[in-house]
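Note that subunit A is present in both complexes that follow, paired respectively with subunit B and with subunit C.
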Partner chain A sequence: MKLAKRYLLLFVLPALILYTLFIVYPLINSLFLSLYSWPGVGKKTFVGLDNFRKVFSAGSFRNEVFNAFWHNVYFYFLAALIEIGVGFFIALMLASKIKGARMFRNIVYIPNMIPLVLVGFMWSLYLNPQVGLVNQFLKLIGLGGLAQSWLGQESTALTTIILVNAWRNIGFYVLVLLAAILDINPSLLEAAYIDGASNWKIIWRIIFPLSFSTVRTLAILLFIWSFNVFDMIYALEGVQAGPYRSTDVLGTLFYRTAFGGLGSSAIDMGLGATITVFIFAIIMPVSILYVYLVEKRQRSA
Partner chain B sequence: MKLRSVLLISLVVLLSAIAFSGVVNIWSWRSQDADVWKQVESRLRAQGYDIKINFTAYAPTEYDAKVNLALQTGTGPDLVYSRRLPGGLTQTLIDNGLYLPLPNDFDLSHFPQAVLNSVTSGGKVYGVPFAVQVVGIFYNKDYFDQFGLSIPKTWDELVEVADTIQKNGITPFFVPGKEAWALTMQHAMCGVSVLGPEWIKDLTEGKTCFLDVKFVDLNRKLNDLKKYYQKGFMGNSTNDLNAAFAFGQAAMVFYGIWGYQTWHELNPDLRVGYFMVPPANECQEPYAYTYMDGAIALTSNVKNREDSLKVLEFCATPEFGTIFSNVTYNIPAVSGAQLPDLDILKVAVDTYNNHASPYVYWVGSVFVTQKPSLYTDVLSPGMQAMYSGKITPEELARNAQDAISQWYEPLMKK
Partner chain C sequence: MLTLSKYGKILVYTLLLIYTMLVLVPFLMMISNSFKSMRDIYLKPFSLPTDPSFRNIIDAWNQAGIGRGYLNSLIIAGSAVVGIVIISSFFAYAISKYEFRGRRFLFMYSMLGLAFPARLAIIPIYLLLRNINLTNSRLGLIIIYIAVNIPFSVFLLKNFIDGVPNELSEAARIDGANPLQIYRHVVIPLIKPAISIVSIVSFVNVWNDFFFPLIFINDRSKATITLAVSIFFGEYANRWNLLFTSLTLAIAPTIILFLIFSRQFIAGMTQGAIK
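Right, the complex of A and B next:
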C-alpha cells in the first residue's frame, strides 16, 4: 500500500508541476499584481486595495467596468438562447431521420473549424455597410430598408457580434446535444407514440428532460466562455470596442488597461490584473458548481 | 574525389565567413521594411563591413509587449524600433535602462531639432528616427479638375467644395467611423488648423481649457460635416477607405501619407493630391499635423555593439533615407535623401518642413501620456458618440475637460 502511494505521487508529479507552473502560479501572481501599480517594466509600486477602489467606487473607471460587465451578461443570455436554444431544435431535426442528416451534421460544424481571425475578416467584409453581402442580400430580396451599418451603431453592434459568434460556435452545441438526444432509449419514444402523445409532448416531456443534464452542462460552460470572451470582439471591433464602448466586454477592457489601447498611451498591468481578479471572482463559483454537477453525475452513473 | 574536396573547402570558407561576420538583430512592427534592411546590408557590405542583418517583424498589436518582456529577460535583439517620446511605453524603457543612449559623438547633423525632440530624454538621444508622418486631407485630383474645384482656403470653402462634389453624385468624404483612432486623428488634424497652434499652446499651459468656445465650435464643425460622409460610415474600416478612395468612390479622405503606398498598389492610375485642413478664416494660417513615427534604438541586450552602432550610423545618413523612401513611399526622418519622383511626396515633405504645427494634442502630446488619455479614453469613443448623435459637441468638450483635469495639473480647477 505504501509503495502504491509513492508511485502514485511519481505519476502525478509531471502533471502537477505543469499545472502549478502554468495555472496556479500565474493565478496567484495576478492576485498579487492586483495590489500594485506597474507599467510592465521596472519597479512595481505597492498600492494596496487602491485598484479595487477604482473598480468599485464611483468614478469613470467603475462606469467602464460595469458597462463591460453588463455586456458580458447580455452576451451570455443571448448566446445561450441561440446556441443552446436554437441548437437544441437543430439537433432535434438532425436526430430525426430526414434525408441527408449526415451531411447537415457536417455542414453545421464547418464554421467551427475556420480560424477566428478569418471569421473576423470574412464577417467584416460581409457586414460592410455599402457593399457587404448582408446588405446586398437584403436589397436583393426587397428589404433594402433594413440594410444598415451593422457594426457601426450601438443598437446592433453587440447583437451582431453575438450572432456571428453563434454562427461559428453553434455546431459544437448541436453535436453535443445530438449525442444526448440519440442516447435516449428509443423504446421510450416508441411507447409514447403508441400512447398517442403528440410530437410537442414527446419533445417537452421526454426528450428535453432526458437531455437536460447536458443542456445544464453546456449552459455552465457557455457562462464561463461568455465572461472570458475577447477574441470575437477584438476581431470585429478592435480593442476600442466601438462604437463608443458599446461592445466593450471585460476581456477587451482588460486588454486596453494592461497592454495599452493605442500607440503611446499609458498602461497599468496592476489595474489590468484587478480586472482579471474580478472576472475570476465571477467565474470561479460557477466553475465549482460545474465540477460538482459533473461529479454528481458520474457518481450516479 | 576532387569535387568533394572543393565542396568541403568551400563549405569551410562559407561557414567561417558566417561565423566571423557580425550579426545584428533588429525587431520591428513594420513588416513592409524588410526590403529596406536587405538593401542596407548589401550597401554596408559594399563599403567593406561584414555585417549580417536579421530583421524580424511582429504584429503591431503584440510588438510592445514582446519587446518589454524580451528586454527584461535578456533575450531581446541588438536594435529595436522604438515609439516616439513623450510616451509612457518608451519613457519607462528608458528609465529602466533597457534602451541605451547614443554615444555623445554620434553624428546626428542630418536631423532637424523637431525630430530629435521625439527621441530625447534627459538631454540624451535614444535612437535614430526613421520616418515622419504628415496627415491631412488627401483628394482625388481627377474629381477636382472635373468639377473645376480648387484647394479650399477656409473651412467654409471646404464645406462648399464638399457640397459641389455631392451635387455631382460623388461621396465627398470617406470616413472610417468604425476605427476610433482614425476619428481622433481627424479631430487632431482639424484642430491644428482651426484652433491653431497658439490655442493648443495656451491649452497645454492651462491658459485656456477644453470648454473654450473655440474647441466646442470645432466639435460642431466636424459634426455638421458628417452629412458629406458616405452612408453608413460608422461601420467602415480603414481597409474600406483604402479601396473606396483608390477606386474613386469618394473624393477626399482625412488620412496620413502612409496610405499612399496602398492606394498606389490598388490603382496605379489614381492621381492623389494633398492639402492641409483649412483654418476657420482667412486671417489664420493652415497647419499640418506631423509627427515622428518611430526610431531605431540600441537596447541593453545588445550583443554586437560595434556593428550595431555601424548600422545606426548608416541609418543617420541621407543614403538610408533614400533607400527607405523608395521602398516604402514614406517620408524619411533624415534630411537630404533622394525621394522617389512623386508630387505627393514632394508636397508632403514641403508641408513637413514649412507648415508643421509646433503644438498638438494627439500623438506626441502630453495629453496622451496618462490615464484617462485624451486619445484612447476621450476622443476615440467620444467622436463615435458625437457622430452617432449620442452626445452633443458641448458634451464632448465637457468629457475632455473632466477626463484630463483629473491628472493634468495646468487644467485642474484653480
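Right, the complex of A and C next:
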C-alpha cells in the first residue's frame, strides 16, 4: 500500500529523529571526539591521532589497554563455555519429557530479573573471605581448605566475576536454546527413535545441527556484550578493577579515563572516546554479521 | 521432546534439583538475612531468623532512600514505556504495511542499535544532554531510554504487524479509514500481545539499568532504585543486615512482575532479535 506523505512523516519521524539524534549521531561523534584532548569543560585541544598512538605504541597506557582487552577476551570465552555450553546442556534436560519442566524453566530465568549491579553486590557479601556464605559453606561441609579470598587475589578474581555473571545470565541462554530445540519438528525425533537411535545420537545428529543457527546468534550477541561489561566489575571490584587491575576490562578503563575515579590520572574525554572507538572497531565485524543475519532471516520469513 | 529411561530421568531430576538450589538458595538467604540481626548474620549464617522483625526494613527503607528510588524508577520506566510503545509501533507499522522508498534501509538502520550498544556513545550522549540542560534530570534519562529501546521494540512489533493480514487494513481503507484510524482500530487490537511484551520487557530493562543513572544523575533525590542501593552500599559497607534488606527491597518489584508475567517475559526473549 502507498502512504500519504504526511502520514509517513507522522509514523516514521519521531522514532527516526530520537534514534538518530541520541544513538547514531553520538556513536559517530565519538570518532571526532577521539581526535581531541579534553577534560570535559573548557577548550578542546586538537591532537590528531595522538590518542590512537597512546593506545597502540609502547607505553603505560597501551599496557593498560591491552591488559583490559585480554580480560575481555577471557571473559568472552569462559562466558561462552558456561552460558552457551552448559546452557545448551540444561536446555536439553528441560526439553525432555519430565514433570515440572515449566516450573524449572521459570526458576532458571529468575536471576535475569535482577539488575546486574545488584547481583554483584549480593555476591560481594556472599564471597566475603571471613564471614561470606561461600567460605562458611565450604567449612561446613569439611572443605575449609578451599576457602579463600575469591575476589581479593589476582589468581581467582576475574574467573569468580565471570562465574557470578554466568549465575545471573545463563537463564537467558537456556531459554533461547530451549525455544530453538522445541521448535524442531517432533516427527524428526520420533522417526529417529523408531529407527532405534540413542538419545546421544539424536542430540548430536539432529538437535545440535538444527539449533546451530541459534547458537551462532547467541555467540555473536555474547561477543558484543562481553566487550561492554561494566556493571559486574563495578559492583565487585569498583572502577579501580582490583586487585592490581587483574579484573580491569575496557569498560572500567573507559570509565576511569573519561569520568575519573579515586586515584586516576586526569580526566580526558577525548582519550575516553578513543577507547570506545577501539571497542567499536573490535565488535564491528561481528555486529555487521549480526545485522546481515537478522535481515536475511526477515526476508526469508 | 527427548524421551528418557528411568535412570536418565533420575539423573536429570538430580541435576535440575542441584541447579535449582544454586539459583534459589542465594535468593532465600538474602531474604532470610533481611530479617536477622547483624550478629546473627555473622555468627549463625545458615540459621533462619530467630527473632524476625521489620526493624531492618524500616531502617533500610529510610536510610537507603528506597521509597524515593522506587518513585524515580517508576516515573522514569513508566514514562519511557509509554514513549517506546507509541513511537516504535508507529515506525514498525509504517515499514511493515506501506511501500515507500528507503523502507528496507530504515529497517536495517534501526537494527544497528541492536548490534552497537548505546553505552559506546555515552560521552557524546552526555555532552548532548548537557547542552540542552538535561543531565541530572529524569526527563533526560526518559529520552535516552526511549531511544535505546527503539531497535528491540521495532523489531518485535514489526514481526507481529507483518502477521496482520493485509486484507483487513485494505477493507478498512476502502471503508474510508485513514492510515491513523487503521493503525488505531485494526492493527493495535490485533497486536496487543506484542504491545504487552514490549511494555513489560522494556519496563524491566529500564528499571534494572544502572549505567546511565550512574553517569547522568548526581543528585541523590533523583537516584533510581539501582543507583540508590549502589550509593547505600558505598556508605554502609559493614551493616550487612541493612545491605541485604536494601537488596531484597530493590529486587522485589521486578521479581513480583516476573511471577505475574513470566509468559510475556519468556516470549519477549525468544521472539526478540534471536529467533
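Everything that follows uses one rule, which is that the second predicted complex is superposed on the first by the 284 of 301 C-alpha atoms of A that agree within 3 Å, B and C clash if a C-alpha of one lies under 4 Å from a C-alpha of the other, contacts with A are read in each partner's own complex, and residues count from 1 in each chain.
As a working rule, a residue touches a chain if its C-beta (ideal position, glycine included) is under 8 Å from a C-beta of that chain, and two chains touch if they have at least 3 such contacts.
Note that the structure is a prediction, hence the values are computed from the model and not measured.
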First, second, both or neither for A:Ile267, with subunit B first and subunit C second: first
Touching partner for A:Arg256 - first (subunit B), second (subunit C), both, neither: first
More subunit A residues in contact - subunit B or subunit C: C
Which of subunit B and subunit C A:Asn51 touches, first, second, both or neither: neither
First (subunit B), second (subunit C), both or neither touched by A:Gln153: first
Which superposed partner A:Tyr193 touches (first subunit B, second subunit C, both, neither): second
First, second, both or neither for A:Asn169, with subunit B first and subunit C second: neither
First (subunit B), second (subunit C), both or neither touched by A:Asn72: neither
Touched partner set for A:Ala15, first subunit B, second subunit C, both or neither: second
Shared contact residues on subunit A - subunit B and subunit C: 259
Complex contacts: residues of subunit C adjacent to subunit A: 1-4, 8-9, 12-13, 15-16, 19-20, 22-24, 26-27, 29-30, 41-42, 45-46, 86-88, 90-91, 93-95, 97-100, 106-125, 128, 143-144, 146-148, 150-151, 154-155, 159, 162, 166, 169-170, 173, 178-180, 183, 204, 207-211, 214-215, 226, 229-230, 233, 240, 243-244, 247, 250-251, 254-255, 257-258, 262, 265-266, 269-270, 273-275
Residues of subunit A that touch subunit B when the two form their complex: 39-42, 60, 124, 127-130, 148-154, 237-240, 242-245, 256, 259-268
Residue ranges of subunit B touching subunit A (in the complex, touch as defined): 61, 64-65, 68, 71-72, 83-84, 86-90, 92-93, 95-96, 98, 177-181, 230-237, 240, 244, 363-364, 368-373, 375-377, 380-382, 384-385, 388, 390, 402-403, 406
Subunit C partner contacts - residues on subunit A that touch it in the complex: 1-4, 7-8, 10-12, 14-16, 18-19, 21-27, 29-30, 33, 90, 92-98, 104-111, 113-118, 121-123, 125-126, 131, 133, 136-137, 140, 167, 171-172, 175-176, 179-180, 182, 186, 189, 193, 199, 202-203, 214, 217-218, 221, 224-225, 228, 230-231, 234-235, 251, 258-259, 269, 272-273, 276, 279-280, 283, 286-288, 290-291, 294-295, 298, 301
